[in-house]
Amino acid sequence: MHSFLTEAQQSRQREFREFVARHVAPFAAEWDRTEKIPEATVRLIANAGYLGSTLPLEFDGKDWDTVTFGLLNEAFGRASVALTDLLTVQAMVSMSLLKWGSKEQKSRWLPRLARGEIIGAFALTEPDSGSDLHSLQTRFTEAGAGAYRLNGTKTWISYGQTADLFLVIGYTGSQPLACLVPRESLGVQVKPISGMLGYRTAGIARITFTDVAIPDDDVLGKPGVALNYIVPVGLQYGRISTACSALGLLRGCLEESTARATARKLRTGTVGDLGMIHSMLARMGTDLHAAALLCLAACRATEERLPEAFTKTLMAKYFCSRAAVRAADDAVQIWGAAGCHEDAPVARYYRDAKLLEILEGTTQIHEELLGRTFVQAAPKQAN
Amino acid sequence: MHSFLTEAQQSRQREFREFVARHVAPFAAEWDRTEKIPEATVRLIANAGYLGSTLPLEFDGKDWDTVTFGLLNEAFGRASVALTDLLTVQAMVSMSLLKWGSKEQKSRWLPRLARGEIIGAFALTEPDSGSDLHSLQTRFTEAGAGAYRLNGTKTWISYGQTADLFLVIGYTGSQPLACLVPRESLGVQVKPISGMLGYRTAGIARITFTDVAIPDDDVLGKPGVALNYIVPVGLQYGRISTACSALGLLRGCLEESTARATARKLRTGTVGDLGMIHSMLARMGTDLHAAALLCLAACRATEERLPEAFTKTLMAKYFCSRAAVRAADDAVQIWGAAGCHEDAPVARYYRDAKLLEILEGTTQIHEELLGRTFVQAAPKQAN
Amino acid sequence: MHSFLTEAQQSRQREFREFVARHVAPFAAEWDRTEKIPEATVRLIANAGYLGSTLPLEFDGKDWDTVTFGLLNEAFGRASVALTDLLTVQAMVSMSLLKWGSKEQKSRWLPRLARGEIIGAFALTEPDSGSDLHSLQTRFTEAGAGAYRLNGTKTWISYGQTADLFLVIGYTGSQPLACLVPRESLGVQVKPISGMLGYRTAGIARITFTDVAIPDDDVLGKPGVALNYIVPVGLQYGRISTACSALGLLRGCLEESTARATARKLRTGTVGDLGMIHSMLARMGTDLHAAALLCLAACRATEERLPEAFTKTLMAKYFCSRAAVRAADDAVQIWGAAGCHEDAPVARYYRDAKLLEILEGTTQIHEELLGRTFVQAAPKQAN
Amino acid sequence: MHSFLTEAQQSRQREFREFVARHVAPFAAEWDRTEKIPEATVRLIANAGYLGSTLPLEFDGKDWDTVTFGLLNEAFGRASVALTDLLTVQAMVSMSLLKWGSKEQKSRWLPRLARGEIIGAFALTEPDSGSDLHSLQTRFTEAGAGAYRLNGTKTWISYGQTADLFLVIGYTGSQPLACLVPRESLGVQVKPISGMLGYRTAGIARITFTDVAIPDDDVLGKPGVALNYIVPVGLQYGRISTACSALGLLRGCLEESTARATARKLRTGTVGDLGMIHSMLARMGTDLHAAALLCLAACRATEERLPEAFTKTLMAKYFCSRAAVRAADDAVQIWGAAGCHEDAPVARYYRDAKLLEILEGTTQIHEELLGRTFVQAAPKQAN
């Protein structure tokens, strides 16, 4: 990978890895057990500027390029994909706002998001909508003078438990609409969801909005543009972040598997000398390298605003999440019974990895989108 | 399947399924959460005779054939593979004892095991031995007059937390030896292992034996026979039980997946109308049918004491556990985000299924054993 | 398997295997190379009664049960799935006729089919229809007094090159219709298709029917019943035959792989001692056992006319053909470079196996049908 | 990919694709059928400089960088991996010679190789050696004054039928030795191998050397260095070439699959609208993108002489060849029956792809090498 990164990117990558090794890795298992991340850790992350990494300097962001953003997410994903999700949602809200917010909205919210003074959450998914954005039930009723009244329920919202600002997507009449909703608004009710299979520290919540008043200042863009313009920006960053986070988990699987394989003695040599284990590791390590390159390609295309950035990001998310699930599956086998206990990092990887295939669009949605894309690009056949 | 079962077997199968539907299925999720099975449930199971199902009538067993034993395990596995493991360990200890115990040992222990008054546990695995039985560290030191002194540590012992009687395998000098060790013996220390990835209600424990006195009455067979004669009997029943338990979980995956697919509405039809879902379900359902037949074949061969019973049981365990992992993986995808929460049965299946690939010999051990078997049966090649 | 077969079935199985070892196996590679099967071989097969194995005695058939028919196909598939296809098509035509033919049609055609004096071919697939039977373009135009005039083109017709009698499916108006068409009829043109990837000796042809006169004697059943009643009978036998043929090829892969693995010396031992090879063989051998049981279950259900016979046969065909492709893939790897040359049986298996996934309904059609079936059988979900 | 290529590389890529579209693609099927490539085509390739693409200008080579060499091989692989193998073997011999040949050997042979006046072949594999280089049976007997006498048999030698110069690896005593052997030398016997599963136009041959006199001028390097120094250079280029060739075939699979899927009409839309097909295409297209990146990374690392070049090339070859086999498998399914006939490009891809997993080291050898590499790089585990 190094030969594809600039000096600055490599230097940042070292910094990210050190930060994670010191402040995240030693505690990730405990956070998972308690389903909580200490406020102090969030402060550390905020102070390092990681919650505004892609925002411009003028909004107190770091103005890092997308490749660097990917490296940041990978480094965090190595230790905790659940914590990485904090970077995900913050970027989804911030970048949507940067691209589609009014001047006033940007100056009001972005610096606080960049500095991590507030946490944003992307309130899109609903109990009955799944990945089908056209069947959202959340409604914005016109309340005069550009204001609205909001009713609806959002669920599986990462960091919904602690977020200060929700970016809520719904409909006004037949027009999709996106609004910013501060958590303290009257009529916002947050219900924590505990007992997740994975991502147990991601503060997942169900949010109910009951007659919440939305002043016109908090409406993002015009009615009609939410699904085709605003949501795609959020999902693009959500997918990049999730793909890179999966890449980190994949790296964790390889490192923990090889460490275990060499440490585990057999009568003749170690587990790492077995042919069957070589097969597993060969696939895992090659997938890791391919995943890293796909993430890099997606990040670069996004940075360069290339038209293929969307497809490349879909491919990165699709490949990395599947590879992470396979790798965690094999990693548990390499660890054996010990790998089935929460003291082993691979047990957590096994649970967390599955959610990588669900978040920001399931594997099946990705297959549908990619399949259609490739069909549309088909060369004409003579017969 | 029905055309392969006798009337009596079919009738028992109905009984088992009713028992499980009433006494197990509604509570399995809760037990998993609390890592505990109520004593009352164990009583119900014991009273139904399920803890002595394969023992002869003379020892208060039910004397059911191996196919019926398989159906029992499948029925329980449908709701909780972790609880099924109670049937597994009881059979492993009981059947080893039935086959290799002295007349006195049998009349002393078997009726109480059959009636479920006591629970047995198979204390084979050690922290550093994994699946390699020849590197066991547990030692029986001769103490005169056929008695021994036992020192060693066993781990990942299912129902070790509550078992009354341990069948312990170790070495005396270079000879493998098996002994019965009542839990109340001086020097037996049981340490519960909580926080498992799956099988959270299987009462898994680490057992330490410190200078435990073993009277000659509790020595099973002669020194030297443990690994080649006694352990294989236990593992045979352990694998049958685990294979059928995996079959039950696989059935659970199909039923919960199709139920969800038909209930989940899309704008056009349901999830169950999608081509991608058909592919997943076709594989899942076909694997289920194949798994059921492999279990049946293994049970029948065991019942008929055919030489191929060993290989057929390896195949059943290997296939069913792998198929269960695949099915649980797909089932979570079909459920989507909801499938990643513990309220969904499939989230628990996903965690439990992985242990099916580890218990009673990992998938890799099975591949090694089966691979060697097929190579040995190879036809001679001319060139 | 033996414990599931009657004495008579086992005895027949031995006979079939001996026949194949003597008359088929030594020549299969050569036939593949020349894309031809000697007439003398077809005579031997006919004389053994194998072309009328499932027909009643009264029509000069053998009246063997469906399990025995499956064993016959498996034995032939072990040496040549392409030759087995002769049994396939003969059964498809014969059994459709037995079930839906008039008394006169049966007494006229069945004895000659049973004795192998004539070969039948099932003319269903069309250049533009694929597996979608509702888009057939072949037309029967009414010609008065129950007679028709036939126009259309059928393709990929196994043994179309040599068949004496075609069972042709098309439409008259909007009604599907099936007719018998002797090859010597005026307007029948047979164009051999050479250069197939596999099944090179199956005499595959494209048949064009131009204004062929169909007397009312040759119309099978009434207009309207062809697709829902007649074709399903043919496809049922076609799928059983193909599934069992795939099972035979799978057995070939295991036998040739293990033979090679033990014969091929390395510096330390043989290829058969390698862990990676054990993994491949474990899967191959377990798939083989599962495939055999699925075929048996499908045959028994068909024999007993159980409602689940259709689904079980789909599962057998789907599983066996996929397993055969995987096995052939691994078998070539185990053989290495030698396995990529036509002198190695596995090179032919590799080419032939792929067609097993296409014939009598592609894997995707099977997934579609099975997926729908499982969805329809879904338990109701509470929420 | 474009954003990773220089202008010059992109421009060459366009040139290569045009050359292949004009001179290779239209004839590849016919060459496959006849197992022959016209001399005129080889001339065209030679005149374009493609047989000396990586050799320095001073030897009449093109001096193209390794990435450009990869693009060349990919472009050819798109139409014919068998023809691409000509580029493979020429580079294997030329680059070994460039790196390890004496000044005289280089000036004598390299310009003729670069200009394509002679074709080289890499004579390494033996009937009984497979991938185990330490068991080669070929012997160089000392004949005084640095000369040798050569005896041995090499097999599966690509372009052995037409090669003018063999690079032969064997042993002198216990020391591995590499020599150049002109085809016209006394005692060289070339036996063409026809009837391959794939790579039918690659002129594969078995070469027997009987008492061939090797003057000291034709000895490459000193005795002892052949296996650790010379062969690795050849294999490195062989693997890069094969990986990129597989990448080309993979691209062919995607293009032919999507073209077919859009052209093939169903009652409702086309095959390209089906969910199942989207799943296949999503995997195929994502694998293609990953494969392209892995090839690029391997080529760049080789160009930059990075220590990880060896491992990256192993990963590229391993991933691309496996992905090509999977893609060809799916491509045939998407084409249906038509895909099983040699008129369909995908039927040839299916046969050719399998050899990609065997040539220049089987998939299993790659798993062994990669597995060991990852194990050696394992982080130390605390416990």
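As written, the chain order gives the labels A, B, C and D, with residue 1 at the start of each chain.
Throughout what follows, a contact is a pair of C-beta atoms (placed from the backbone, for glycine too) under 8 Å apart; a residue touches a chain by one contact, two chains touch by 3 or more.
Given the structure is predicted, the values throughout are model-derived calculations rather than measurements.
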(request) Provide the labels of all chains in contact with subunit A and in contact with subunit D. (result) B, C
(message) With contacts counted as defined, which of the two, C-D or B-D, has more C-beta pairs across the interface?
(response) C-D
(request) Using mean Cα positions as chain centres, tell me which chain lies farthest from subunit A. (result) C
(request) With chain centres taken as the means of their Cα atoms, state the distance from subunit C to subunit D in Å. (result) 39
(request) Please compute the C-alpha centroid of subunit B, do the same for subunit D, then give the distance between them in whole Å. (result) 50
(message) Touching at least two other chains at once: which residues of subunit C meet that condition?
(response) 274-279, 364, 367-368
(request) Under the touch definition given earlier, write down the residues of subunit A that touch subunit C in their complex. (result) 274-279
(request) Going by the contact rule at the top, pick out the subunit B residues touching subunit C in the complex. (result) 3-4, 254-255, 258-263, 272-273, 275, 277-286, 289-291, 293-294, 296-297, 300-301, 304, 306, 312, 315, 318-319, 364, 366-368, 370-375, 377-381, 383
(message) Touching residues of subunit C toward subunit D in the complex: what are they?
(response) 33, 125, 128, 130-132, 134-135, 155-156, 193, 195-199, 264-267, 274, 276-277, 325, 329, 332-333, 336-337, 339-343, 347, 350-351, 354-355, 357-358, 362-364, 367-368
